[in-house]
Amino acid sequence: MAKIKRLFNDPYDIVEEYLEGYVKAHKEYVKMCDLEEAQGRVVIANDAGTKDKVGVIIGGGSGHEPLFIGYVGEGFADGVVIGNINTSPSPDPCYASAKACDNGKGCIYLYGNYAGDVMNFDMGAEQADEEDDIRVETVLVTDDVVSSENIPDRRGIAGDFFVFKVAGAKADTGADLDEVVAAAKKANDNTRTMGVAMSSATLPAKGDVIFELPDGDMEIGMGIHGEPGVRRGKIDTADNVINEIMEPILADLPFVEGDEVYVLVNSLGATPLMDLHVCYRRVAQILEEKGIKVYKALVGPFACSMDMAGMSVTLMKLDDELKELMDAPCDTPYFTQK
Amino acid sequence: MSDYILSKDYFVKVIEDLIALVDKRKEYYTELDSAIGDGDHGINLEIGFREVNKHLDEWKELNVRDLYNHVGKALLDKVGGSSGPLYGSFFMKFGLPIKSKGPDEGATFEEFIQMMDKGIAIIQKRGKSTTGEKTMLDTFIPALEKLRSEYEAGTPGKEAMEKAVEAGKDGLESTRNIVATKGRAMRLGERAIGHLDPGAASAAEFLEVFYNDMP
Amino acid sequence: MAKIKRLFNDPYDIVEEYLEGYVKAHKEYVKMCDLEEAQGRVVIANDAGTKDKVGVIIGGGSGHEPLFIGYVGEGFADGVVIGNINTSPSPDPCYASAKACDNGKGCIYLYGNYAGDVMNFDMGAEQADEEDDIRVETVLVTDDVVSSENIPDRRGIAGDFFVFKVAGAKADTGADLDEVVAAAKKANDNTRTMGVAMSSATLPAKGDVIFELPDGDMEIGMGIHGEPGVRRGKIDTADNVINEIMEPILADLPFVEGDEVYVLVNSLGATPLMDLHVCYRRVAQILEEKGIKVYKALVGPFACSMDMAGMSVTLMKLDDELKELMDAPCDTPYFTQK
Amino acid sequence: MSDYILSKDYFVKVIEDLIALVDKRKEYYTELDSAIGDGDHGINLEIGFREVNKHLDEWKELNVRDLYNHVGKALLDKVGGSSGPLYGSFFMKFGLPIKSKGPDEGATFEEFIQMMDKGIAIIQKRGKSTTGEKTMLDTFIPALEKLRSEYEAGTPGKEAMEKAVEAGKDGLESTRNIVATKGRAMRLGERAIGHLDPGAASAAEFLEVFYNDMP
């Protein structure tokens, strides 16, 4: 057995086994999609494809749980396509998810902007169009401010959560595909994230960390797959780290005095709620200083990188529509709101 | 020139040797990907070629075209990520140029060049990319060009392939000193300099297998 | 700054700062109790003490978040008393919590069975009785099967969650204090937990792990404060670990064919949801083999030990009352149920 | 005998030296607690005595009784856990037997014995425990007994205290070979054998401060 502090059986079976456990544990919410093309990699809400609504499909590599799978359920996503660890799913399951979630109004694919995901989901969308005449639109999440100067080239990280929630709530109103796409785009356009990592996640098949980060070092701006960030240095105080993270976030949109925001302070896995709340304290102080109003805040593990130590801050600038969609009730295994 | 025939056995052997290669070199590919990507290239290939290995005994009864199509589909289905659709499509398209379809038939060397061309073309199409972007195409495209030009200039098949492998290796080496404009590494900018591209590295060793197994 | 992979400022301020962040982040749910005796260590539901119900008070040391603080809100606990990391709160805040949460029907203190907690909460209860004539009853959670042969000597770990939920729901029905005590006791009597740790949590003030667990080793039966367990060995496959954990749990109550159970597969902090679901898969298989029916399951971080790698399995044997109380709606920052 | 007076300054000095002791020895106490408890005994004491240190300048203007009451209340409030109420109550009760209440007045040695008695009795009461349970009482109780018997037998104050400290250390040593029946370590059973009890260790060193500061 590997030296990493993880629990699994054959590392090459970990995704299959976790999915088996997942659909068993959360059977009131979801089931495995039984289409052959789904290849056991599509999980859908129990009522997917039966309601008069746009099918909301999210997905990407495994290892970010509760993202993506945890947000399939009422008022959120209808289906999720699951890849190997840190790896986009393949085209057939992407295709199958559209088949399973469509009910005549078309489907939206929502996922973080990574080349692999784009290739595979696009192939799935083509197939859905060609073989079943299902209209599939895609909105890529691009919230990671430091991943590129050019917004469409940016990665999607914890901001996924806001974009998916908004799209899920919009679809739930019975809106048509264009409207759902517009809401998702609006959410993405108004969302910015930046993170810091203090350790690497571990890969079961490698039996080791993905990359070396010496004890006591942190990497500002690191991606949730361990993609290198913008600066490596010694782990600093929470306040200094938050100061450093908040600056590019605020400057980027920019967020300005009078804005109202939804805040997400996200754990990448091993960073405890205690530390996240120490971080949130500083985030709230900075926003107050700048005259930016916090509408609501979420603090916890939303978009992780398995056992990585680290966190990210996401801000979404709100208008009335976004507030309403964020506040809409939903019920999924990992996010329920009255 | 077209008397240099690559037998069915050759094409089977290549797959067997790719399975062995990936198993042997997965840590190396993963290490390269750790530096500038997400540290899974070797694992991705291993997942794909393990699946191929499970079915190879069955598939090797098929003709080359179908055998390679199955290999490609297995990579496409089981791997995902970037290398899944890229290598997957490469193998799926690879067998198409073979005209003769018997289960025991091989291909002429001319067909072999067309096969490489077909496979590499689909990578370009899927990846919307070309050389100089720090990807596997920095290996594949110069290798293919060399293969074609040498063969057209009369160099015997195996020797042409040897030159192609060398050109691929030079291409791989060229990825060390450029920034990436495709794939995960593109977000790294200057920090990618000094590191080989993992996909370019696996591609160079894949080509070597195609060369070594030639009679 | 310490070499541990954590984010905080002065380690001696971490609890105060996390509480400040917590009440800011979750202001729709909770507020700081402003009684002087609360000493900034009591957080109460916004409507605490205003409803015609028994006051449900939970608490203990910090570092187990979302336990305890995360479960203060509608239909769950009315107040929480917060100690230093891994350390019982002191008597005055215990007393203050009763004062803040009582509305004439008395209060129940619910917490894990640790000597320090018992001393401090008892002193608080005495004071509430003597100074304000508030009747306070206590139910200690004792779910950790391996911590003693003698049930009343056992520690309370993740089973806290079930016992608190049941008591919170019972109080919400308007039941009197004796009835709430009876429901909490029933929940505790029917709940058993066992865990495994693969690393130690880290202490900010120590700048280091609490105890050494060599890489690749695990300790079966370890407590959530890092108290030694029953066996140390090499990390084994998930299935083998679960087999080893499930045996004493099942044998202890015992859980037998025909029983129906609520399952909690809990992360101690750094163990990702992926691994927890691989573990849940095996738990469900074992229960199926034994003819024990899973009513529902929860999988995630409920009772943690900061950044400790490890997990625990909790089973609660159900009857109709327990099912109804577990299913009752509730709304707190870290557990919401429709 | 009652001519051996412990001055107000002595009682202030003891607190100052306890602050210094805890700061110096916190890692050691924590280490002992890591082996059989939850690894925080030193941190707990440090949290408490840091708080004491913040207020000491102000409190030392008070009489001994109030000074010690404040020290105890600070430990009780800031520490929590087991050692908070135990040491907290110890200090809160410690000053009660002093009859004379002026801010500059000390105590007779007889009173000092009563003070120790009062403090240790409340630990027994709060902890519902006695010797042989692998707790701080294994230090305190034999030390107190020795202090009383030596003093009654005519041993001068400081010398009696010296004997008491030694008896406390023997008591501490005795915790090494017993299982715990109180506190976190009770769940360890046989595995606690071979380890000193952390609270017994801090208690022994606290007593040493009381001794060392004696004129």
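For clarity, chains are labelled A, B, C and D in written order, and residue numbers in each chain start from 1.
Everything that follows uses one rule, which is that a residue touches a chain if its C-beta (ideal position, glycine included) is under 8 Å from a C-beta of that chain, and two chains touch if they have at least 3 such contacts.
Here the structure is a predicted model, which is why all the values come from computation and not from measurement.
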item	value
Chain labels contacting subunit A and also subunit D	C
If a chain touches subunit A and subunit B alike, it appears here	none
Far-end chain from subunit D, centres as C-alpha averages	B
Mean-CA-position distance for subunit C and subunit A (Å)	28
Gap in Å, rounded to a whole number, between the CA centres of subunit D and subunit B	75
Subunit B and subunit C: spacing of chain centres that average the CA atoms, whole Å	54
Cα-centroid distance, subunit C relative to subunit D, in whole angstrom	32
Subunit B, residues touching no fewer than two other chains	none
Contacts with two or more other chains, residues of subunit A listed in rising order	85
Chain-level touch network, classified as line, ring, star, complete or other	line
Complete list of chain pairs which touch one another	A-B, A-C, C-D
Residues of subunit C touching subunit A in the complex	1-3, 5-9, 14-15, 17-22, 24-26, 28, 62-63, 65-66, 70, 85, 196, 198-199, 215-216, 234-239, 241, 263, 265, 269-282, 284, 294, 296-301, 304, 306-307, 309, 311, 331, 334, 336-338
In the complex, subunit B residues that touch subunit A	27, 30, 34-40, 43-44, 46-47, 50, 76-86, 88, 126-127, 182-184, 186-188, 191
Of subunit A, residues touching subunit B in the complex	12, 39, 61, 83-92, 114-116, 119-120, 123, 147-148, 153, 155, 203, 205-206, 210-211, 223, 225-228
